[in-house]
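Below, subunit A partners subunit B and then partners subunit C, in two separate complexes.
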Partner chain A sequence: MAENGTDSRPAPAPAGAYPRHWRRPPAIQSALARRLLAAGLVGYLVFAFLNIEIDVPRLLQGLPRGLDFLRAFVWPDFTSRGGDIFRGVMESLAMTLVATVIGALLSLPLALGAAGNFAPRPVYHACRAIIALGRTFPEVMIAIFFVVMFGFGPLAGVITLVVATIGFLGKLIAEDIEACSMAPIEAMRATGATLPQILVYGLVPQILPRILGLSLYRLDINFRESAIIGVVGAGGIGATLSTTFDRYEFSSAAAILVVIIVIVLLTEHASGIVRRRLL
Partner chain B sequence: MNPATTSPSPSWRKRTSKAVLLGWVAGLFFFALLVAAFRQISAGTEWIFVADAHRQAGDLIARMVPPRWSYLPSLVQSLLDTLHIATLGTFAAIFLGTPLAFLAAKNTSPHPLVRQAALLLIVSSRSINTLIWAILFVIIVGPGVLAGIFAITLRSVGFIGKLLYEAIEEIAPDPVEAMRAVGAPPPSVFVYGIFPQVFPAFIGISVFRWDINVRESTILGLVGAGGIGLQLDASVNALQWSQVSVILLLVLLMVIFSEWLSAKVRGFAI
Partner chain C sequence: MITAAPPLLAIEGLRMRYPGGDEALRGVDLEVSEGEFVSVIGSSGAGKSTLIRCINGLVTATGGSCRLEGRQILGLSGRELRLLRRRIGMIFQAHALVDRLTVMENLLSGRLGYTGFWRSALRRFPPGDVAAAFQLLERVGLAGFHDRRADRLSGGQRQRVGIARALMQRPALLLVDEPTASLDPETARRVMTLLRELAREHGLSVLANLHDVGLARSFSDRIIGLRHGEVVFHGKPAELDDEALGVVYGTEAFSVA
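This part shows the complex of A and B:
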């Protein structure tokens, strides 16, 4: 690494003479590995560029549309689709809130089960598998299946977000439980406390701030995701957004994007304040 | 207990009565908000379909279960496309996001106004999901891999920019000051004083984003931006669920691979 570079390779100068110039040691010591890495990188880039098709006439044809969109961003149209935008945003917010609360509540027992210092092996592996499954696939892909099962609408979106939230919070909270201090818990065990007592008085006080902080962070993420799973029919503002793009109503699309950005900024700001207050 | 006190003894409490009351009011407000949200979702749901959901799920699984392996060869090109989208998009985002991060960091930004502009760019890029960028670029550059690469790039610029500028703001100022004091020109200060300090973070952030991008690039095809999502969309629309299960398994393998590789690189670099 570069920072411990003072004691680098032996100086190439003859004995007795110090080198006049200090040279930064390379990040990768072996010259062969360095060259191989560079060659591999260049080779991959060439291969990738040859592999993708670029339709130049179509590109030129699209440029005015891009400019149109940029112009729409300067003058977004909030009114002509105002009702749709308002309903979509309210639905997205409702989905976000419900999914985050349910997801956080469900992820707590799963996280406990997925913590190596509390759960027995079979439970540990089962819970880790459930959590990993929730994290593997992108939200939109999960949403496709829940839309087929539960029909179009916000419920499919809520269940999608719950699954994704469990994958996210379950993993992070499980890591926190594994990292917490076992001393108070052992002390409680020694005095004969029952498991519920140990959890409430020994474990929860150690991880509660992190649980709240992570849940607020996930609230932000869930709002962002709720804005797109509507593309596959799972409710929220995404359906409206996708429709406005399909109809080339760029000024309405820009209005929706502005609303999303403002809400994301507000929730980020608010969750920052809440986190500072609670923790 | 002090026997001298005559009034009811003031016992220790963690919070003042006002704080307790405020907590209850906030809790009640939150609960009301939650109920309102539940009601809204319930109003937007067709409960007849929901009652049927377990049958639908069973049906779905029955249709998916023998995966149609003969579909696998025709997926190779789109699998490569997906990896290209993720990798080239990440590369482009590193090239755009790194200078942006140095403009946005308090200690390296040339001017407060430049800093605000850079922060605005980072926030806008981060707030808009990759899929929305993809919808936009499909309209501008046409359907295909290129739209996917642009979408991944524009979303990742904000991610890399934000995490990197936070890392830059946390560097130790001493080596930088020492170099300035002995009269090193700004490029040398950057190359020898600042960059080595953020290099591990830089590698970690880039690889982390690449890992996320592999996952995201699998769905870009749903809006026409190339990759394996195109086949997924086509198979779902044609109700070819046995093909969908092949695609899902492939995505699973790819995600595991990218997670393994990024963990490997991060372990090496940090």
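This part shows the complex of A and C:
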């Protein structure tokens, strides 16, 4: 038989009494603890299901309205509110672009401060705290906060998206900075370069493609978010969407959702192409 | 009255303790004269890298003295330290190039200490620097490679760029940290030959950590053996016999052979 490939015989048994069975050791050593944990988990799941109150009459009542809504998707109405939709989309796009650019620029110094291999301890902890704060609250809550503070409209939306972008990019870029190679950075330091020069020559080339890629990724997240936070009054297409829902204009609502979906798909596709080019 | 010129580099009683670590250098004395090629050998962890990093302030020595051209350089900081670093070219292992930059940008980065922030950030280096870079590139055998990205070079080519980058500084002293690590023996020998020739042409002194005793023997004027942060050998290549090697690397390593 051929030497390689087709020989399916088991390896010859070695002489002597070696164990012939081996199992990966379990993560939790004690068998009792394992069983208790599994039982607890299953018990909790059952309990949790029982706690979701399912109100059957209300479900039946809502069903026709849900069907209405779905039916509207078959004939989305782009024209009756065409002007509003166009203005909403334009506003959302502007909010998204402005917020992503500002957020990305602000996140850079913050990310540097949050990178353990560059920042002194106190700066590091301060920057990590700011980033964590930006990531703790969902966008909708931040938006409500800024709507209360600045009133309805796109300004609150832009500020919300800037905060969210800083939290997102700040964390990811800080991690990239921490993962980058220190050898070229040390080489730049050894030439007598100043810190800004060391960053521009030693660090930026290592992380620039990721900064651009992540910013583009955040751009399409921000567009989606702008539709959501608009519902709580932070401007953009979300505000238009909210109005149509309030008036039960499901065909117009469906039109808006179709527009959002198309734009999200387009931006995702476009940013995917650009990101692949960068790397 | 005639006084002997001070050595280019004079180190006395140099001590270095990393925060929370052992003493990496325990009182090292060492001199490098004008135009001299001195190698430092020793096992991994002996303190070779620490020694040369102390000299240009990449790590801060905790004691002793280190003079370049007669001037005390320990304790310098900020602008003074940067001005000192311009006089000292450093050659690292081949991976210390900036991968995503072109060969030309890597070379010109040797001029950062002489160039303002915006000029360097916008890649508007003085014409003299650009011309010097093209000339050096040709000298190290990489004519025509200026627009190639550094990560598209072979190990030997990368190290040639590393050498050219250090020479762009027009330094008085070259510090070299295991330049041939990760190179095959043939390439390593060529890189060392080039380094030796260029040091002669530019009248440079060299202090080089080498992990390869053979290379240290063939390229150095003088060899320093370091063990546990102390100088345990000091002499000409011919004086580095098996007994001396036993002292530097520990007798165990050679009793087997």
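Here is the rule we use: the second predicted complex is superposed on the first by the 238 of 279 C-alpha atoms of A that agree within 3 Å, B and C clash if a C-alpha of one lies under 4 Å from a C-alpha of the other, contacts with A are read in each partner's own complex, and residues count from 1 in each chain.
Criterion: contacts are C-beta pairs under 8 Å (C-beta built on N, C-alpha and C of every residue); 3 or more make two chains touch, one makes a residue touch a chain.
Fair warning: this is a prediction, and the values are worked out from it, not measured in the lab.
In the superposition on chain A, A:L241 contacts subunit B only, with no contact to subunit C. Residue contacts after overlaying the shared chain place A:I261 against subunit B, while subunit C stays out of touching range. In the superposition on chain A, A:R276 makes contact with neither subunit B nor subunit C. Contacts of A:V231 after superposition on the shared chain: subunit B is touched, whereas subunit C is not. Look at A:Y44: by the touch rule set out above, it reaches subunit B but stays clear of subunit C. Looking at the shared chain after the overlay, A:L93 reaches subunit B, while subunit C stays out of its contact range. Within the superposed three-chain arrangement, the count of touched residues of subunit A is higher for B, of the candidates subunit B and subunit C. Looking at the shared chain after the overlay, A:V140 reaches subunit B, while subunit C stays out of its contact range.
In the superposed model, A:M149 lies in contact with subunit B only, and not with subunit C.
In the superposed pair of complexes, A:E53 makes contact with subunit B only, with no contact to subunit C.
Contacts of subunit A with subunit B, set against its contacts with subunit C after fitting on chain A, share not one residue.
Listing the residues of subunit B that touch subunit A in their complex gives 33-34, 36-38, 40-41, 44-46, 49-50, 53, 56-57, 60, 80-81, 84, 87-88, 91, 123-124, 126-129, 131-132, 135-136, 139-142, 144-146, 149, 191-192, 196-197, 199-200, 215-216, 218-219, 222-223, 232, 236, 248, 251-252, 255-256.
Per the touch definition, subunit A reaches subunit C in the complex via residues 181, 183-184, 186-194, 196-198, 200-202, 205-206, 208-209.
Residue ranges of subunit C in contact with subunit A, taken from their complex: 56, 58, 82-86, 88, 90, 92-93, 95-101, 105, 109-115, 117, 120-121, 162, 165, 169, 175. Note for the complex: subunit A touches subunit B at residues 1-3, 5, 24, 27, 44-45, 48-49, 51-55, 58-59, 61-63, 65-66, 69, 90-91, 93-95, 97-98, 101, 136-138, 140-141, 144-145, 148-155, 158, 224-225, 227-228, 231-232, 235, 241-242, 245, 248, 257, 260-261, 264-265.
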